Structure formats: C-alpha cells, structure tokens
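In what comes next, chain A is part of two complexes: it sits with chain B in the first one and with chain C in the second one.
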Partner chain A sequence: MSSFSVTEPSKRSKWFAGTLVILYALITMIPLAWIMLTGFKSPADAISYPPKVIFEPTLEGYVNLFTQRTRQTEDFLANNPPENWRDEIVRQYDMVIVGPSKFGERFLNSVIIGFGSTFLSIFLGTLAAYAFSRFKIPLADDLLFFILSTRMMPPIAVAIPIFLMYRQLGLSDTHLGMILLYTAVNISLAVWLLKGFIDEIPREYEEAALIDGYTRFQAFYKVVLPQAATGIASTAIFCLIFAWNEYAFAVLLTSGTAQTAPPFIPTIIGVGGLDWPAVAAGATIFLLPVMIFTILLRKNLLRGITFGAVRK
Partner chain B sequence: MSDTPANRIAAATPPRVARKIRGLSDRAIAWIFVAPTIFLLLAINIFPLIWTIQLSFTNYKANRIGREVKNVGLRNYERILTDSDIWLNMQATAHFLFWTIVLQVLIGFALAYLINKKFKGNDLWTTIIVLPMMLSPAVVGNFWKFLYQPQIGLFNYVVAFFTGKDPSSFEMLGSVTLAPWSIVIVDTWMWTPFVMLICLAGLRSIPDYIYEAAEVDRASKWRQFWTITVPMVLPFLMLAVLFRGIENFKMFDLVVQLTGGGPGSTTELTSINLKREAFEKWRTGYASAYAIILFVTVFGLASIYVKALNKVKER
Partner chain C sequence: MAEVTLKNLSKSFGTDVGVADISMSIPDGAFVVLLGPTGAGKTTTLRLISGLEKEDTGEIWISGRNVARETPAQRDVAMVFQQYSLYPHLTVRDNLAFPLRSPILKTPEGDIARKVSEVAEVLQISHKLDNKATALSGGEMQRVSIGRALVRDPAIYLMDEPLSSLDAKLRTDLRVELKRIQASLGATLLYVTHDQIEAMTMATHVGVLNEGGLVQFGTPREIYENPNSLYVASRLGLPRINVLPAGIFGGAPSGTAQIGMRPEHIAQGDGLEAEVQRVEHLGDQNRLHLILQGHALTTIADPSVDYEPGAHIKIAPRNPLCFDADGNRIR
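And then the complex of A and B:
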C-alpha cells in the first residue's frame, strides 16, 4: 500500500483509535487482574474496605485451596511444631493440615474429560467432515443442518432425558459419560468447521494420489490430513475450551468421581462463609491455562471464531 | 507397476484382505466415515429429544421410581402457557436478551471500527480484549459476585469513587431494580469481543477500491460510513446478533452463579426456571413440556431471523 493510499487512516486517527482501544482493553482486564491479586491476599485483606491494591502477598489462598484443615487445641499445637511453610500458614488460625482437598481431583477430571472429548470429537469429526466434503451423500445439506441445529437446544432441556438415560445405563457421574456427552455437543461445530477447512484443500492432490495407487484411506491420512493440520488444530482448541468451561451438564450429571472444576470452585468454603482468596486461587489456576493458550495461539483462534461463525 | 508404498502394502497383504480394503467403494467409505457421528448424535441428541416429547405428555417424576405414570395429554402445555409466573421469566429473559444485544452491538462495532484503523500493535490488544469470552462462564459469574459485594466489592467501590455515593448504599445483586442490570453488565463484559471479532471480519472483507471510488466521487467520510461501511458490515453484524441471541436465550451458567435467579425471581431466566422445575421440584413431565416449548421458540425465532438475514445478504 502506498503512502498516498486514500484508505490508509491518517496518523492522528490511528493514534486516537489506538488510545481508545487500549483504554478499553485495560478496563476490561481489571476484573481478571483483581481476581488474580485476590488469590494472593489474606482473607482479611480480601474483604477490607477500601479495597487494597498494595498488600502483603501470602500463599494462604493457595494452601487453603489444596488442603483440608481442622482446628486444634493449644496443647496439640504446642506439642506438634509446624513441619513446613504450609503448616506455618495455617497455624496462624490454630489449624493443622489433615490432608489434600478435592481440588486436585476435580482439576484432573477437567483435564481427562476435556482432552478425552476433544480427541473423540476431532477423530469422528474429521472422518465425517471428509465424507461430507468429498462424497455425494444423500440429503447432505439436511444432515449438516440437522447436526448443527442440535446446538440450539438449551443444555438444561437436553439434560433431563440424558439424566434419565445415564441413570439407566450407569453412566451418571462417570468420565466416559461426560466424554461422550461433550463429544456429542462439540461434534456439530467440529464437523462444520472441519468441512470448511477440508473444502479448501484442492481435490487434485488426492486424485493424483489415487492414480499413484493409494487407496482412499491412504489418500485420506497421507494427503488430506497433513494439509488440514492447522484447521484440525484450531478446531481442537475450540472443543477443548468448550469442554473445559462447561458447567450446566457438569453440575447436573456429576457430583463426585467425575465432577469437573467449574461446579467445584464456587463451593469452596472457608471458616465463616466463602473463602474468597481460595476461590480466587482456584479461579486463577483454572482460567490461566486458557488465557495463556489464547495469547499463544491467537492467530488460529481468532480466525477460527470468525470463520466458524461466518460460514454458518 | 510403480513401487509406491500403497503397492508395497498391497503386495504384502493377503489377496482376500487386500481386496476387502481396496475394494471398498467410495460410497461405503462415506458411510463408514459418517456413521459414528450420526450414531452419536442419534443416541445423545435425537433419542433424548424424542424421549422428552414423550415425557411431556405425562406426569412422570424422576425422583419417584416405580410410581405409576399417567398420560395427561396436553395438560402440561396448557398449564405452562397460562402460568403468569412463566411469563415473568420470559420477560426477564427478553430484558436480558434485548439489552445485552444492544450494548454488545454498539460497543462491539465501535471497537471493531477502531481496531480496523490498523494502529500499531492492534492484534495484541485485540487478543487481550478477547480474553473474557474464552473463560468459563460459571467461574466468571462466581468472581463477579465477589466484585459486586456491597461493602467490599471492587465494582461498588469504583462506582462510589466516581459518583460519590456510599458504596454500601446499593446492592447490585440484592436489589430488584439493579439485579437485572448486573447480569447485563457481566454478559456484555464477557461477550462484546465476540461481536467485535465478527464485525472486524466484516470490515476487513470490504475491498479498498470501493472507498477509493467513493473518494474519487468526493463522497464525504460521513457518507462513506453510512453508504459503504454500514451496509457491508450489516450481514456480519446480524449473524453476530443471531449467535448472541441463541446463546443468551439458553443462558444458564453465568447467571446461576451470579444471582441464582434472585432476588425473588427478577433474574430467573427461563433456563434457570427450567432447572428448578426439572431438578429441584422434579416435575419431569412438566419440565419436558417446558423444554419443548423453549426449543420450538428458539428454533422458530431463529428461522424467521435467518430468512430476514438472507434477504439482507441478497441486497
């Protein structure tokens, strides 16, 4: 673009636009920054008025998040000196650590269910997308629309029969049940996005491979898959983020062994009401991976959002 | 025959198996590829939907196994459509939908317009703006509840700082008049970036030569904005509205964590009400009818809207 181009904004308007956007970005970050700060506050600092920006950082929130504690008598405390820095933190409140909390397990469940359902959605979705893209399937458009319209159902509406069905099949509160459910929700978007990416790969590549004596399967995984890798990766990120963030199904269908982190974090209770620093610590640990992910993979991710939406 | 990997594999496999693999017609492969997806959707989407329809004509209660289930015909539907409380929930949902869409469209479009000025570092700032929409709505709702606390919350402090009011004089989540706005604020904070991204795609799809031609014709910037930019972005904007509309009609996680539907039922959106009926009062049959009504409503509204959208696109 030449410097005389009429469509290139002037320096002044660029400066003005930049200032406003940066201002918005900074304001929008305040709630997130605040919750991360709160994770490092003591309970007293977290609820002080006026809100404290400068405070003495402590890991209390994180210790409370990962441990279970009980109050002890003075005798007991005097006879059992603290063994490490974590003990010392809870000793301020005459407490001792009795074991790990459930947060670790819940976090692990989120990881297992998130990655499991993403893998399955991508595996099945790529196959279906390839078939929709390359072969004549009777009623293909109707099928695709049907696949997509399943996303319009409110999750609670779907949850009623799923709840009954899972109760019958013994899938309630199991990893497998949640993985299948999230796969079913994600696969519609996955097929739709992946079909778009595969449509963009010229057919000539495969046809050349077929003439060279490749079978369809070989042409699919040796020619098409490598070409679609970027598209598959960005679709996978979407599936993963959905499964990671999902709450409605998780809260209705899981309560123990397969419960993920989102229904668990709001229930972290300390002495006398919600333990805000611990809740904030949990939120931080849970949200940070997604934020880092978003920043690192911004090119694919942002293109994927608009691409997916605009194609529909 | 050339020495391709395929032929080597073909030569190494027993003829019968080879024929089976190679002999698969494209048609067969197409069905093998599509079948698992269709099966999964049938099992986890369609079968439950049919079951819901069937349940909606009964008085089944999921917490009483073994109780006799009676067919009640259309009585569930009748009761829902004549229940004034449910119309209140619908109103709360409409308020939420209307204002989130208005605010998100205005702010989202403005931001996209500014970002499209291509100032230095715009993609990094875009990413930062996008962060809220990537997060878990339930966790977001939970920490905004902390920000909204009357005595200690940051939100009240900031409002008090700028208006001079006493920060404990108003409760965003506890007041009947403010609570509906508190959920609008959080949803707008979270989802404006989505509208912004779609608008940005629209703005970037306008070719430069149109503006250049307008410049040659000496059209003012103001006129260019209204006759080129707005009409060209409109289809994208309408799409963004469609998605936000469907998503917010289904809204559950964020609001349930923020207000739980309260105070009273001022922020009890239809999904939250549905959850109460289905999983707290355990009126499964009634809730199923409710779910069907909601689904038909979304589907109907969305179809009408898509027709309008296609008309705009044709222009």
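And then the complex of A and C:
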C-alpha cells in the first residue's frame, strides 16, 4: 500500500529527477574525464584520429610536466644508462632530465594566493556582514549597494589602472598583491552572501548570550559563528573557485615569483612541441585542491546553498 | 537576590508605545507576576530591565545600583525568553552550562556538572541532556530555557511566559517546582503569564499592565477582590466577571454606570428571574450560563443540583463592584 503525501515526492518523480541529475552530471563530467585520460596518454595517442578511448597508459605527461629536459648525443646516452623510470620514459626521445620544471612553484603560488585571499575575504566579509546585519549603520543600504556595484563591471575593465597602480606600489608580481586583488574582487560577494546567512540567525541567540554573561564579541564567536558555519563554508568555496581559476589578472600582473598555475599551464605547450598530455596532467593536478576542498565542505555546501530557507 | 525598582520608565518604538511611565518596586524575594493583554508591554518591561532595550526615560535600579550604563551581562539578570532560544549548535547539557561558563561566572567544571544535573532533575529533562538542542519537543525546549536561567543565582529572574507550551500536568509540576525554588532560594522573580492560576498561586504581587502603563500593583488577593478598575477586574477571574448596567438591580451608589459580579458573587433563590441557557458540568462544580433581561451571565452552582436549560431561577448580586462610566471603581 502506498499513501499519498504532500511533502514526499512520488516514486516516479524521484526517478525522473534522478535520471536528469545523472544525465547532467555525465554531460558536465565528459570534458573532465577526457582531460584526465589525456594526461595518461602518449603524445601520439593524444592527437590520434579517431580519438582513442582505450590506450596504453603512461606517465609521460606527468614526467614532462614536472621536469625540464634536453636532447643529448648518442654517445652521452650510451655512457649514462637511465637511473630510474623517469629517465627511461624520456630516453625514448633521446632526452635526459636536467631539473625540475616551474610547475611545482607555480602550483604552490596558486595555493598561497587562492587560500590566502579566500581566508581574508571570509574574515573581513564575516565581520562586515555581521555589522550590516545587526547594527544600525547610517546609509547601510547605500553602502551595501556600493559594495555590490564593485562587482557589476567586468574586473578586467579596471585591469590597466590596477596594473599601473601596482607597478607604482611595488605590488606587481607579489603574493601580497594578488591576495589583496582577489580579496577586493571577492569581498562584495562574501559580504552579500554572508549577510544573508547571518540575517537568518535570530537575534535572540545573541541576546540570550548577552544575558548569560558574555560580551557582544564573545556572543558573536560563540553563538553566531558556529551557526553561520554552513554559510561561511559555501561562501568560502565560491571565493576559492574564483581566486583559483582567475586567469586574466594573473597573466597581466604576474610573470615570475607570484605567477599562479592558470597562466603557467598554457606555456607548457610552447616547450618542445604540442605536449598535450603534459597540459592535461597539469590541468588534472590543478583541479584537485578545489575538488578536495569542495568535497570536505560538501555537507555544509548542500545545506548552505539553500540559503537557510529550510533551516529551522 | 535583590530588590529591583523601576522609576518612571518609558520606551516607545517610533509611534508604538512599548512601556509608558511605569514605576514599580519589586521587593527582595518577591514573585511578581505581570498580567496584561497582548501588546501591553510585558516583554518590553523585561527587556528594559535586562538591558536588551534602552529606555527613553526613567531609571532602573537593581540591588541599589542605577544600571543605566551597565551591559546585560553586568546587570546580573537571568531571562527566559518568550520564544525559547536555545543555542541550536549545542547539546542540552552545554546549553545549561553556557551561562556558568561565561567569563563573568567562570564556574569550575565540577560545580557545573553538579548544578546542571540538579536543574535537569527538577525540570525532568535528565534523559535528554546529550540531545542536540534542536532534537527536542517544544515543551522540552521550554524547560531547557527555564533551566538555563535556574542554573544561575542572579539578582532577578525574568521569565516571559515560561510555561506556555507545556501540557497541563507538567505545567502544574513546574509551577509547584518554580514556587518551591523561589521560596527556598529566596529568589526574586518577575514573571509574565496569561494564566490566571499561575498568577494567583505563585505571585506575591501582581502588576496589571494596559497599553504600556501599570494600572494596578498589589497582592493577588487585592487585585482579585479589590480591583480599582473594570479593566483590572476583567483581567483576573475565570469565568470572567459579569458586567451589568447599574440600573438592573438598583441600590448602587450614585455615579455608578456598571456593576461587576464575579460568578461566585451571584446568590440564588432571591431577586430577579433569569433563564438557564446552558449548563457545563466541570466535575467539582456546574457552570450556568444565564440570560437576565437580555444580558448574558455566568455563575457557578452546586454540582449535585440538576439544572435544565430553559429553567428559571432567581438571582441577586452579593457585594457587587461598582464602576463609573469610564470603568473606574466607585467605593
């Protein structure tokens, strides 16, 4: 016997929804899967036509990604037998490994700048959102609109002024410069999202804490912060994704010390022919941190993304 | 425990009057009940005392200190909110311990554990101590929020309809328990309720509010037997006091426009003839709904006597209360 329920969807609509979600996931995952596969192909397999789905996997792409290589004479190769599996892979092309590539450094830059700016955006955004949500601030609505309006033009429209400004201030190609820049872009989103989440938290909790003997700041971090955790987590993911993937500013403002992975990965293509497996390997590794971060916070994200609408 | 005094306290919200010129002295160890219809300013009064709301004019004195410049934490008050507000991310145990762990009290963990289990026992929530605060029924939440006040030993407890969502049995249990705690600790309480039995059984003093103003303050007996206006008379008493034009029975002092008779102040056997409309059998008494010259009346009667709807009985007032045209008492 099945009974009719208003809140519980029927079996058929659950099936329908499930099928749609799986279809959508498949479609969006095909390019990702393709990149990941290409990372394990040989250069020949990578560009073969028709494209190969079944192939013999190799770590060539990854070796090429992390190393710098040079071509050597037959004499040299004959007198220096390969020392490890990495050497063996590059010997197929009469090359030897001369040192690590810049990818590791660039990847580390991405981590520092991405997570650094995310932390700063969330830290400042939470404090600002709390103030907007709880205190009577003169012109609060106008200020909020102003904060949002910084997001209305495409960031790249201000690229030239920022480029000139950064050169004057010595912030070009520095970690601090990039962290500040990404924070400036992200903070409007952070303030707005977090204000929504904090608005949802009834004031009575803080009032109760005030009466229970806590100061306002203690009430904020003991009562408001834990309850805003879902909102903070989902906002953090949005901020990280932007900072992590940002390309245009990174190309313009960084070249060496502070260069992030996105502008670096395409430069691999230029070194020694069209090395698609190495590019694909770089893209795959580049995807991992955001993926892990999102998976770690996914519980929060799922609840947070409903913007508290169903929270009790 | 301490004395709390309000002096000419006023608070408006824009054009809405929250509290208008309230003066009241809550003696040390008193159990003061605030009565009043919705919107009368009961919650606002509690919030002003706790410091959550800033008064427009007037003064609040707690244990001899003018607390105008003190934060809620410094005022040393405990409050049970009308909408129970448990910390949803904490367990019941941590909710109860929260005030004790505050930087002001800094209670040792051993004392906290003892106090929490003591209070949980009283409120019959010991078996739920490890539940998340959100995994409770409404009544359980309400008890936890009472508990969060009771773990403390503040200058005054402020309670805003703390028993409103409990079932009848629990309500009676907790009523007795609260009264016992108050008497044994000598605690001072300011307590808001709409429940007449709570008001009559627990209060040492009752304050009746109307549209932000305090219209009468006295012992429950004074308020019940000697109300100074028709408004106060109708706040207490169940069934409500019967109101009739002064002329019907005659004999009222001059200036009387209306007389008020409590249901138990109607004598049967003599006087004017009324028709029985409906009889309610409550077990220990019968409630009779009568019509007297077109006016509806309620009275109580001996449960052993059978009254038939449509029957006629004779009634007369016993010590009626007399009120003038504005509803003020004439003595």
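Note that in this section the second predicted complex is superposed on the first by the 257 of 312 C-alpha atoms of A that agree within 3 Å, B and C clash if a C-alpha of one lies under 4 Å from a C-alpha of the other, contacts with A are read in each partner's own complex, and residues count from 1 in each chain.
As a convention for this text, contacts are C-beta pairs under 8 Å (C-beta built on N, C-alpha and C of every residue); 3 or more make two chains touch, one makes a residue touch a chain.
This one's a predicted model, so the numbers in the text were calculated from it and none came from an experiment.
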Touched partner set for A:227, first chain B, second chain C, both or neither: second
Partner chain(s) touched by A:161 [first = chain B, second = chain C, both, neither]: first
Partner chain(s) touched by A:286 [first = chain B, second = chain C, both, neither]: first
First, second, both or neither for A:218, with chain B first and chain C second: both
Contact breadth on chain A, by residue count: chain C or chain B: B
Contacts of A:202 with chain B and chain C, given as first, second, both or neither: second
Contacts of A:176 with chain B and chain C, given as first, second, both or neither: neither
On chain A, the residue positions that both chain B and chain C contact, one per complex: 212-215, 218, 312
Partner chain A, residues of chain B touching it in the complex: 1-2, 4-7, 9-10, 21-22, 24, 26-27, 29-34, 36-38, 40-41, 43-49, 51-52, 55, 62, 111, 114-115, 117-123, 125-132, 134-139, 142-144, 146-147, 149, 151-154, 157, 167, 189, 194, 197-198, 200-201, 208, 211-212, 215, 236, 239-240, 243, 246, 249-250, 252-253, 257, 270-271, 274-275, 278-279, 284, 287-288, 291-292, 294-295, 298-299, 302
Contact set on chain C toward chain A in their complex: 50-52, 71-73, 77-79, 81, 83, 85, 87-89, 98-99, 102-105, 134, 148
In the complex, chain A residues that touch chain C: 202, 204-205, 207-215, 218, 223, 226-227, 312
Residues of chain A that touch chain B when the two form their complex: 5-7, 9, 13-15, 17-18, 20-22, 24-25, 28-32, 34-35, 38, 46-51, 124-125, 127-128, 130-132, 134-137, 143, 146-147, 149-165, 180-181, 183-184, 187-188, 191, 212-218, 241, 244-248, 251-252, 262-263, 265-266, 276, 279-280, 283, 286-287, 290-291, 293-295, 298, 302, 305-306, 309-310, 312
